[in-house]
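We call the chains A, B, C and D, going by the order they appear; numbering starts again at 1 in every chain.
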Amino acid sequence: MSSTLFIALPLLFGFATPLLSRLGKNALAYTSVLMQLSLLGLALSLLLAHSSTTVELISIAAPLGISFVLSTASLLMVLLFTLLMTLFSLYYLFQRRANAYANESKFFTLLNMLLAASIGLVLSSDIFNIYVFFEIAGISAYILSAYSKTALALESGLKYLLTGAVASIFLLFAIVLIYLHVGSLNLAVIAEQFQLLPYNVKLLISLLLLIGFGFKVEVFPLNFWVTDVYQGSTSLVNALFSGIVVKAYLFVFFHILYLFLPQGEFTLFLLYLGGVSMLVAEVAGLRQTNLKRLFAYSSLGQVALIFVAFAMQNIQAVQAAFFIVIAHSLAKFMLFLALASLEKTEQNMHIDRLKQIDSPFLMVMMFLAMLSLLGIPLFVGFVGKFLLLKSLAVEGMLTLLVMVVVASFIEAIYYFKLMGYMLHKGTRSEKVEVSLGEKMIFVSLGLSLLLLGVFPMSIAGFLQNAAEVLLDQTAYITLLVGG
Amino acid sequence: MEFSLYGLSDIVLSLKVTALANFFALLIVLSTLTVLFIAPNYRLKRSFYLLFTLLVASLFLIVYAHDYLLFFIGWEVMSISTYFLLSFTLSKEALHKYILFAMASALSLFVAILLLYSTQHSFLYEDAKQSYLAMSDGVQQLFTLFMLIAIFIKLGTIGFHYWLVDAYEESHNLFTPFLSAMLSKMGLYALILFVANITQATYVLAVMGLLTTIIATFKAIEQESIKRLLAYSSIAQLGYIVTVLSVADGMGGALYHALIHTLVKLLLFINIAGVIYVTQKEKLSDLGGLIYKLPQSFVFLLIGIIVLAGMPPLGGFASKFMIYTALLDAKYLLLLAGVMFSSASAFIYVYKLIYGIYLGHPTHKNLEEVKEVPWTFLAPQYLLASLLVIIGTFPGLVIPYINRILGELNLTLLSFETIQTLITSYAQYNGFVVMGAFGGIFVLVLMMFMLLRSKAKKPKNRFDIAYCAEEPNEATHLHYGYSMGQELKRVGLIHLIAKNSSKYFYDFLAKQMQYFSEVVRKIYSGNLLLNFNIAVLFLIILLLWSLK
Amino acid sequence: METGFLQEQKVLEGDLNSENSHQNSVDFLMNWFRKQSIFVLAYGTGCGAIEMPPTFTSRYDAERLGIRGAATPRQADVIIVSGYCSYKTLRRIIRTYEQMSNPKYLLALGSCTVNGGMYWDSYNTIKKLEDYLPVDMYVNGCMPRPESILEGFIALQKEIGEGKASSWQKYEENYEFYRKNQEAVLGKKVEPSYEADWYLYEGGL
Amino acid sequence: MILFDLLFMLLVAYITGFLYYGLYRNITARFQRRLGPPVWQSFLDSIKFFSKEESISHGWMFYLGPVIMMSGAIMTLFFIPLFHTGESFKGLSSYGNLFLVLYLLVLGALGNALAVGASGNPFGVMGVTRGLSRLFALELPFYISVIALISVSGSADIVCIAASQTEWNAFAYPLLFIAALFSFVGMMGQAPFDVVGAPVEVYSGPASEFSGKFLALLMSQSAIFTFAKLVLMVHLFLGGASGFVELLAKSFGLFLFVIAFGAMYGRFKTPQSIDFLLKVPTSIAIVGLILATWS
């Protein structure tokens, strides 16, 4: 029952928001925090109690049913999502007055749908369910993106919608093909039989899946919409996009990949795709002066890095991928929240404005996040990057290694340009007040970056376990289908 | 002390106290103490000290690490904390330049150590040699390339020095001594580890070292800013070390020179920090004639430049002598000639430095009212100068310590008899006798000279000079030795050497990068139709390619 | 103390009356060395300078007498005022003379240095050099030939050897007199505008 | 005993140096078709300057400059043995080596350069600038030759280098000798490399502010220093010396060559001389070095 709760609770809460908003002015914000906290508590309790992968089945009719698989890997993602969502709610609560949304209840509805869908993507073991959550997440994301109703926001929402629609067509077509040939939508069953399919069909399905998910996992050249969407959306929403949504897509894409193609037929192709994505994104970001767009480029780069790590398809690399996922989620989340704090007066900040802003606290916090993103030692970003590059080196993929390093260097160029602006010496006119609550959130995020970076061994075992589980196709099949 | 990290069995980290590490740790302690001595004169934010502490900690980590991963972590932390320390005073451009080079250094070091790891799955220094030998030829070259890029950037070897000069010039006067004395030494430490543990890379080091010494010396000659001049001098001095490390028995000379260079650069930078503190001027063209205002500082700078120029009888000659004989031993004769050539050229900037600040005429009215620098500046200079004099008198004093390091690295020991003498296979010299003879002769000549009947009288006015029967006054431009060396540009060969070619190169690189970025950015311009087309095309091409 | 004409007369006749010939052996030795080696400031002040190059080069070879040129007043023993002396040049000559170190001698060439010569009516030349600087030896003629100049040098050497050439002492003793005359032609702001007077020099190192 | 040796060396150098200088002036005069001064004229000059009543000093650094220069010259002299055979008149050479001597050669000049700077005379500094600019170009061919000799003889000890010559190095390695001679002409301050003290250009350069006893000391050190440099060249290239006659003969021969060379040529400009030295003698020296050490 527990894993279903992760999806049911947010959905319930989401649809109950119109009612809750009537209870009082702040009721929604407080209850949201409460709800997220309870989800986080649930996830934590599961973590403590967790011993092996569990399956939960909600049976509808004999072949049809919704099954959720809660493995170490998916629990990790759920934990990350709920944690970020909790912090998000808290942040919203603390700076709500300054950043009130026109229609708060709708906003919360969408937010919770997004969360439910993201968790659903991670937990589902049925490809059609995945499609459904894919769509839910997509629809809520489109609306969230256009939520502020400015010209830019509407443009971004529309673009998001268009590309999302194209993506889902490809995905749906793939699912149809799969069902045609395998006769089942259960991931385990498909995985079992996928190897037996004719080569052309396999290729076609893989291609369709790649394109379908490719839009969502922001891989070059299907990531052209990302920067526009990030620019149009508010920073708060961006925090969720880059902290939660894209991670869920990444996870489910590679989950499916590992199940369908455990031998790694496409590994080399995907690796270079990831490498090229990273390079292109970083190079394109080099001259960007709009902060949100800049962070979008950086997100593209980082996601591509995660893509490379997952695509390696071995335990060390996947462990590294999880490290980068955590590092990137926390750091980008932090950056976008900081941006939200800075943007109280103005949307769409130009990089020059960093010279004016007088807020040492936010600056320091942004420094922490950026350094972690750049993979500087003592931050968790380093651990992920290091493990990934190490496994690249061990595998002898020197070209890719150099590609990733060069891309990291280019990323460093613009991040340090940003820092240069922040460190600019001169009078600073704009004072930005940061409330204590916000500070607590930033400090806790920053500390977690630092602590995980200094003591990575505290979670390394857990992550390794997750990686093993994620890569173990036979165990998955055995669990779901039975011997 | 070995331990594992990240809960992974295949990564073993280790900290170890070695004689080499102790040597560099000693230098760190010395630099930190002397630099902190002058700190009370400046009003600094608390965060400065916090970052400084972090920096020192990272230096210790670098030094005591016994595997390349910890070393890399220390390296990166050093770069970043230096970045924030520099950010207090550096302009945006200089700061960006610094950090880009630092990141390039760190990342190429990263690649190098990962390549090292890939063969034997170990980061430990002991396994480094085997790991290196296990690589294929191409990878070996790649590894050496990346490692040397990382080291060269930190050392500021010519071509990679683009960041260094600006960073030195604009850094806080408190921090510059440390920057020059310590941070560049970390590059040296890395190079020593590389040379001792992995491979000699003879020709690369020889060529780069020689180019560095010569070009940096001539660049130093044409500078007008004191700190820029000393920055180039630092580069040149480290060039000697790089050169001498290219020969098999060069380690002793390299360590010796590292010690001397640390001491002398601390002395010089603290000295000019004092001068800048009392005059608020940083250019040779704005100073002058301070000798009678700051006599003690003058003497310390004099000691500093004597050492820097490698003049007997002070410590500088001992290390130069070691370097020369090491090169001679290896029969690198033209290399030796080149090194001695640049050493002789160094006299120009050394003289320019002391002339521009202390000699000649004051260029501003307020220079005539300055007082001697505070004792907090003088105290560390007393310490450093006396150390240099002691080393000059007893050049063999540090040989046993260097021998301990050499023994640890399995290299040929230096011969050692008494602390007064320095012995190499080609020659020896007795520092005590040189110092004693010079002192004795000097005192005797001075005494006899003072006893002469001819009276020495001192004009009351500094304008009473033989000036072609004209009378100079305040407005006359009398202090122009600071621009000495400019005329050298008229010599074609030297003009060629001193061109700003690295600036052109990096500017070109940056410009090309920007153009490239401009092109790539078109993909993300938001034109959906174009994008879909590109996407489909790209995917089809890639797929066809990958399925072949 | 006499003033005006009386003082002038006294100054001019000073060396005639003084009995400087009693030198002790050290003085004698030193004067002998001074006599043997004479460094002449290479400074052509008037038209007579044209006679100096032949004096010092191959044709007349003053170096065989130990007489050679010096570039700066610091190194010179003798300054030659070669002919007429405009106010502008006088300013430089005085400065140069004061920068030379003791003992120093002044050799005046040509008639113009004696009484202004053909420049008697000139608005910007001095008449009598004696009024402004003490002269050890006159070589008259217009212009004196190199032979005469050499003769003058030999005579000067003789005086140096006997310890009689002491114009530099005379200049110090009667500084007020010379100064007054100098200011009369060069104006109050006569150089050296700073303390060239030796008694303002600090002693020692 | 060693003190007596040193004193004697000093005396020899002083007398010979002044003698050579007198001869130099005399011979140059003969080149110019004049009689020239007597041989002891330089000595008389120096004593004359010592006996000046007063000397202008521009402060303690100025005062010490000539003293340092004199000390440098005497140090150079002491660390070069007079004879490469026998026991006596070795000076302090066993405590030093050729590298030390190479540095001592410039020690005095640099000390004096400080004094020149302290004097505040721009012409002096101009001369110093010229000297320093010329210095490195001057040293390069000399260094290359010396390095080649050290490498060939296997020791940086002057006595060993002198003793190891079966035939004179000048004949064994003529290219090295020629290159070193160019440098040596410059080191002796002779044309065409005499830009430093050029009297009519820079007011006699570094010496322009020195008067009286300072100048006298500079003249004396110049005499001693000249002798020391000549002895060094004799040991390096002309097979050393084992007796006074040999030493005087060889060194005077060398000296004669240098002054003849100087009397024949005009003066290079500073950049010209640097350019020339970096091109011609250096190339000769490099070829010489390669020929000498090729095995």
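Following the convention adopted for this analysis, a contact is a pair of C-beta atoms (placed from the backbone, for glycine too) under 8 Å apart; a residue touches a chain by one contact, two chains touch by 3 or more.
Keep in mind that what you see is a predicted model, and the values were worked out from it rather than measured.
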Components of the interchain contact network lacking chain B: A | C, D
{"item": "Most remote chain, CA-based centroid, reference being chain A", "value": "C"}
{"item": "Comparison of A-B and B-D (more C-beta pairs in contact)", "value": "B-D"}
{"item": "Separation of mean Cα positions, chain D and chain B [Å, integer]", "value": "34"}
{"item": "Chain A-chain B separation of Cα centroids, rounded to whole Å", "value": "45"}
{"item": "Length of the line joining the C-alpha centres of chain A and chain D, rounded to whole Å", "value": "78"}
{"item": "Whole-Å gap between the CA centroids of chain C and chain D", "value": "37"}
{"item": "Multi-partner residues of chain B (each touching 2 or more other chains)", "value": "455-459, 464, 466"}
{"item": "Where chain D touches two or more other chains at once, by residue number", "value": "51-57, 59, 63, 123, 203, 208-209, 212"}
{"item": "Interchain contacts (touch definition) - all pairs", "value": "A-B, B-C, B-D, C-D"}
{"item": "Complex interface listing, chain B residues touching chain C", "value": "455-461, 463-464, 466, 469-471, 473"}
{"item": "Chain B-facing residues of chain D, complex", "value": "50-59, 61, 63-64, 66-68, 70-71, 74-75, 78, 92, 95-100, 102-104, 106-107, 110, 113-114, 117-123, 125-126, 128-129, 132-133, 135-136, 139-140, 143-144, 147-148, 150-151, 154-157, 203, 208-209, 212-213, 217, 270-271, 274-275, 278-279, 286, 289, 293"}
{"item": "For the chain D and chain C complex, residues of the former touching the latter", "value": "25, 29, 32-38, 41, 44-45, 47-48, 51-57, 59-60, 63, 123, 199-200, 203-204, 207-212, 215"}
{"item": "Residues on chain B engaged by chain A in the complex (per definition of touch)", "value": "5-8, 69, 72-73, 76-77, 80, 83-84, 87, 92, 95-96, 99-100, 103-104, 107-108, 110-111, 114-115, 117-118, 121, 139, 142, 513-514, 516-518, 520-521, 523-524, 526, 528, 531-532, 534-535, 538-539, 542-543, 546-547"}
{"item": "Complex interface listing, chain C residues touching chain B", "value": "43, 72-74, 92-93, 95-96, 99, 191-196, 198, 200-205"}
